[in-house]
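Labels run A, B, C and D following the written order; every chain starts at residue 1.
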Amino acid sequence: MSRSNLARLLVSCPDREGIVAALANALADSGANITSSDQFSSDPLGGSFSLRMEFYVPEPETRIPLLEQRLGEIAEKLDLEYKLVDAHVRKRVAIFVSKYDHCLIDLLGRWHRGDLEMDIVMVVSNHPDLAVEAARFGVPYHHIPVTKESKPQAEAAQLELLQKHGGADLVVMARYMQVLSADFLANVGAPVINIHHSFLPAFAGADPYKRAHHRGVKLIGATAHYATEDLDEGPIIEQDVVRVSHREDAIALERIGADVERLVLARAVERHLQDRVLLQGHRTIVF
Amino acid sequence: MSRSNLARLLVSCPDREGIVAALANALADSGANITSSDQFSSDPLGGSFSLRMEFYVPEPETRIPLLEQRLGEIAEKLDLEYKLVDAHVRKRVAIFVSKYDHCLIDLLGRWHRGDLEMDIVMVVSNHPDLAVEAARFGVPYHHIPVTKESKPQAEAAQLELLQKHGGADLVVMARYMQVLSADFLANVGAPVINIHHSFLPAFAGADPYKRAHHRGVKLIGATAHYATEDLDEGPIIEQDVVRVSHREDAIALERIGADVERLVLARAVERHLQDRVLLQGHRTIVF
Amino acid sequence: MSRSNLARLLVSCPDREGIVAALANALADSGANITSSDQFSSDPLGGSFSLRMEFYVPEPETRIPLLEQRLGEIAEKLDLEYKLVDAHVRKRVAIFVSKYDHCLIDLLGRWHRGDLEMDIVMVVSNHPDLAVEAARFGVPYHHIPVTKESKPQAEAAQLELLQKHGGADLVVMARYMQVLSADFLANVGAPVINIHHSFLPAFAGADPYKRAHHRGVKLIGATAHYATEDLDEGPIIEQDVVRVSHREDAIALERIGADVERLVLARAVERHLQDRVLLQGHRTIVF
Amino acid sequence: MSRSNLARLLVSCPDREGIVAALANALADSGANITSSDQFSSDPLGGSFSLRMEFYVPEPETRIPLLEQRLGEIAEKLDLEYKLVDAHVRKRVAIFVSKYDHCLIDLLGRWHRGDLEMDIVMVVSNHPDLAVEAARFGVPYHHIPVTKESKPQAEAAQLELLQKHGGADLVVMARYMQVLSADFLANVGAPVINIHHSFLPAFAGADPYKRAHHRGVKLIGATAHYATEDLDEGPIIEQDVVRVSHREDAIALERIGADVERLVLARAVERHLQDRVLLQGHRTIVF
């Protein structure tokens, strides 16, 4: 990793005694000043262990390598997985989008304003419509049409493009109306965040607003989750709802829902960029 | 109807021209002073029409009968269904409950405090546990055990009890953990409000908190709806949610959810008591 | 007024008997089909009366003038003020802004997407920074610097500009960081909506996020209100809040608050454009 | 402290390097298994440090004393304040109340249901009205009238009562409509949580619902805070709001507000009982 002076340590593993002390010692010996630390064990008697620490390291060029060595030893001894992250290295993000613009524009705006610390590698779309939005912000936009028949080729082209752009640390489906294949997910080499326009598991699948209106619900929502090959079943990162009434028809629900979609997606992306989202099986720990 | 000076007019029918004028004229001719009026048409071109008006009538003993006559004529002419309600007549409510006490206690407390304008006819339970709660408030409590085999007899006994108590205008299932049969619903002669401990249609059926925890949702909710023979499919009156995190296990979700259950049920009952809930097909209009 | 077939009738006056009937008759006689109607009286015994009706009128070219005549007669007889609005005539809106871009961009985006039915007359700013945003959407942008000394001249220039552009039906202060003088408000000839970046009356005045952080509040909010010469005291149209914690410093609160500011402002503008906001003294009725 | 096997360590101090490691080592050497850990530093360069750890200790009778010794040494060396809490020892709580019953009944209900892990020492009131509620749950109720003149004597009597009951770890003002004097607060020897029936700092002082109605706010709220001698200025623990509209008069606001008051108070009390609330100056850290 690179060597700025703000770093994060992330650990997910089966719970056992002494992990916190071992890690805290390694940090202390590196002169790190921990500014925030969150830890959660799913079950005191042998469950899962998740930890996130953020800390300042003086003289990172020399000390981070030492820290990495210590962490490696601890990991081996305690059989744990860890990640040491340079908090000043911006994650590289590819955004997938179709025709709805609200999530894309929202993400680009937050990025432009400096609220989302990321580099946007490119925007990929199965439609040409939103090229103008990407252009406004000087972000590359690639139009790769997708049909039922051409999907494997289209996904191969997407992966190739990603590689050509130097890869991504995160893919964001900002209302990308195609299901990514298990193959794509296996090969993309980065987590994929999707926004589903309903409060999952309610109205999983297509046309959630139409079905929400038909069902007469009094709240509509949105769900940001990691995409997995089980459609709409991936680990949930963030959800929110907004109150509606009989006055709103399905079209109005969709319009109102757009506000909660973009907020929920932005929050999920932000938490991911800050390494706040850890996995315990198919559930997330959001520190 | 009885004749206090505060009344409500409720109308649900296919939409057509001139309904509001005809009704407003009838009220004006009766000297009524409308204090609040809500009307909603699902579709300007031939949809459903719903209206609720609340008004004061001076000299109600003589004028309400005249108003009723006028409304009858309008109903015949315009082929509409209406209800004229004396707002000072408290609805008679029977509460069905099992072992969870939070909804029952909440309803009894609000009733006792004067916040829910209703008369509680009786509390019926398939368990003896909550008799003490009803006793505190001087409300009759009837324990009618229910098993798979005895359900028809138990429901017959419930209906008989209701009749003996003079009938009810509303039945509230305050976490009554039995499914009411289609027969019961057909014969009870009153709407039935149920509280489901999830944000429907998510986690319909049994054990919603356990399933919510397993799914890793970030919000849990509750849904108050009219009971129909399609379990958990009746018209939704009110819903709300509360934020949770990975820290809460299924038991904590249940405990936290109890707060939103009782709030949602109380709001639904209150709106029903105030004749604010009208039906358009299987959707509610909540004025 | 112009003559499309969707119209709205708005009435605010002291309450008295028979208003609803008189108005409903006038509408019925014009062949109007009321699709939604809301009425509220502050007090059954002589309070304020507010009403909003939305309706379709066939052959509006001939019937709307007849309706206007009837309404005029009723207004005189019952001493009430009314407005008949062509719902298809888009209101002309001028947006005032300073340097913060989130509210402006949000309004422009909603307008561009067709979610806010208005015509944007121009954007006025005391800074040149956001000209590029207006340009993107093809909206005129006028930079009128304001200093303590030049304020009267600046406001005169703003009013002149408005006139040159044909006037406005609504002025929106989208984080315009100047206080409009009583003179300006008296002469602008249109209501002015302001967004205050706190949950009023908490943290009225300057630097609300800094003060909110210092006070350690657990929710921050925003308030959209009509501007009056009493700063931050005008009638409140809409408010909302978002949860925060000790983790957020004043800068983070400002960033998070921007989301609730733009939502609250957009909702207030939308309700105003739909003629849903009526005044009873210094309080709003939001139908 | 007593010696069950679940304990909590709480630390508040000026931030400096190595605290987490020193504490984690002390815990590890005691065989503790940390199940949850939260730490927050207000400023990486010399701000305040707050930490809460929850952990299991096997053989607590012998190991907790060793841990205490280690913590004492660390505290001296690093000049920090800490508290080691036996998580199974229920805090002793005295509830102060006047005539409004909703917060008292809510707290008693949660306690009775096992949701709030505390022992209720007594209920003190300046009115006799709610004695019946305390009696239902078998909790001592003391009526100590308070007038302007008798306040010093009344407070002395309250303190004496507390002492006679063996003291309290927490005092909860559950809508106790008297201001506690600085003297009382200095001598009570326990933190005092108050519930204010508004979203502070809005509507601090008397009659918040009346003033909220007059101001036409669209949300009303409640604030739980530690009582200090500066009325309504103590550190905020929890806040929440509920949406209202023009339809609600001041009396309805009060009724609706009661729901949010009791929820907010219950949450604040629960977090305090779980030692989740730490102080950094006049702001709370709520882990």
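Keep this in mind: contacts are C-beta pairs under 8 Å (C-beta built on N, C-alpha and C of every residue); 3 or more make two chains touch, one makes a residue touch a chain.
Treat the numbers as computed from the prediction; the structure is a model and nothing was measured.
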Legend entry - Centroid comparison with subunit C (C-alpha atoms), farthest chain: D
Inset, instruction - Write the angle of the rotation needed to overlay subunit A on subunit B, where the fit uses Cα atoms and the result is rounded to the nearest 5°. - result: 180
Inset, instruction - Give, as an integer number of Å, the spacing between the C-alpha centres of subunit D and subunit C. - result: 42
Legend entry - Centroid distance [mean C-alpha coordinates] between subunit C and subunit B, Å: 36
Inset, instruction - Find every residue in subunit D that makes contact with two or more other chains and list them. - result: 36, 40, 247
Legend entry - In the complex with subunit B, residue positions of subunit D that touch it: 36, 101-102, 105, 109, 113, 115, 136, 247, 255, 259, 263
Inset, instruction - Quick one: which bits of subunit B touch subunit A in the complex? Just the residue numbers, please. - result: 40, 199-203, 214-219, 221, 235-241, 245-247, 280, 282-286
Inset, instruction - Give every residue of subunit A touching subunit D within the complex, in rising order. - result: 15-25, 27-28, 31-41, 44, 51, 56, 243
